[in-house]
Amino acid sequence: MKFAYVIGNCVATRKDEKVSGRKLLVIQPVNIKFKASGDPLVAIDAVGAGEGELVLYTSGSSARQTELTEGTPCDCVLMAIVDTVELHGNYIFDKTKESGQ
Amino acid sequence: MKFAYVIGNCVATRKDEKVSGRKLLVIQPVNIKFKASGDPLVAIDAVGAGEGELVLYTSGSSARQTELTEGTPCDCVLMAIVDTVELHGNYIFDKTKESGQ
Amino acid sequence: MKFAYVIGNCVATRKDEKVSGRKLLVIQPVNIKFKASGDPLVAIDAVGAGEGELVLYTSGSSARQTELTEGTPCDCVLMAIVDTVELHGNYIFDKTKESGQ
Amino acid sequence: MKFAYVIGNCVATRKDEKVSGRKLLVIQPVNIKFKASGDPLVAIDAVGAGEGELVLYTSGSSARQTELTEGTPCDCVLMAIVDTVELHGNYIFDKTKESGQ
Amino acid sequence: MKFAYVIGNCVATRKDEKVSGRKLLVIQPVNIKFKASGDPLVAIDAVGAGEGELVLYTSGSSARQTELTEGTPCDCVLMAIVDTVELHGNYIFDKTKESGQ
């Protein structure tokens, strides 16, 4: 899984019927400093994430292993909302302190 | 899923029989500014997209989860035509206003 | 799928028995200008491509969806020989005129 | 599989129910010199690795082939703790001598 | 598939039980000039390759299609030992002449 921020959403009325009704969130993958790294992705949200939240996303066939994405043409799913990240014994992200981004 | 523009098409009379009859669209993945990023891809179109449209594409095994691509040697499918993209509360793409590209 | 030129072949007498007898072609992925982009790949050929031809290849699990590659440890298959590529209304590749490369 | 160091952990109380109870480790992929290469990943740990250890991780659908990750939206699993690495006849990593990182 | 040299091996006594007993080889992917390209990988060997040999490796789910790797958390398998590589009509690698690397 990789870290990303939810930065927005995307509306597409014409889409494959299997993803009908799924909300499409735009996410920005981030590096170890929580800065943007690489191009934005569009993900289906399995955990009710909101804009600005740090999340984990899963790519590829594993993205189809949630109830919401099973059997759909989805290769990117949000599967966790990050509370804290601890590296080398230091908390570098704490959601309650609204650090990051 | 990732953002791309449909920039053309590709004809191949000799192709694996499982993709026989499928239209092959050439798409250009784009970055957060909707500018070209990386090499072009060739996708099977599951939503009836036209040239110039901003679309979402799915890669890998998930690309085989549409009716048109099931069981075929296809690793890239167009599965949504983008109407709007909203980032940090601002509409940065609106199809009806023909913005982008 | 991605564009590549067939640039040669590779012989390997000792290989996994499931790919026994399969011809291994060396291909060079290309960018939008049909110039080399990235490292060469070795693909199993499902369409009878010859050296110098512009082809489409499929990666990952989808590469196992041809009759020749089903159930084999193959992650790259040639599944189409390109006749023409049209971008923004202009033919940028036409096999009969031997353009490209 | 690729080499990485375990550099920390990540807590996410809201996550897909299928990964409920799984510990999420933050890992840093490394190059041939065992220096950081690329962005950090978050992995499920199938072998009981601890911070600072050199491990091997598996990506993609293969990451779901452990008892702990089967059927879950997990695309990255720790599946081995490295004892030694020998290149061209020289030991370049030996866990008992705490080399590396 | 991609080209790589076998450059060493890796010992891991603590590893997922499904890969128990499998030898782990360290391989270095190479470019068209057979020079190192990208970070080293660790692969399970399905063909009995030795250090210094030029091999082909398969990634992703296709890496699980050998007898040795079926159902295991393995995303990289050696599936062929290269004898010769011919590009544009010239042999650029011939194992019997110990060219390369």
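Just a few scattered comments:
Going by the order they are written in, the chains are A, B, C, D and E; count residues from 1 in each one.
One rule holds for everything that comes next: contacts are C-beta pairs under 8 Å (C-beta built on N, C-alpha and C of every residue); 3 or more make two chains touch, one makes a residue touch a chain.
Just so you know, these numbers come straight off a predicted model, no measurement behind them.
When chain B is laid over chain D using CA atoms, the rotation angle comes to 145 degrees (nearest 5). Put simply, the C-alpha centre of chain B and that of chain C have 21 angstrom between them. Between the Cα centres of chain C and chain D there is a gap of 33 Å.
Of all residues in chain A, those touching 2 or more other chains are 60-61, 63-64, listed in ascending order. Contact ring, oriented from chain D toward chain E: the chain order is D, E, C, B, A.
Against chain D, the residues of chain E that register as touching in their complex are 7-16, 18-19, 24, 26, 28, 36, 39-43, 51, 60-61, 63-64, 71-76.
Of all residues in chain E, only 1-3, 29-32, 37, 46-48, 56, 58-66, 69, 77, 79-89 touch chain C in the complex they form.
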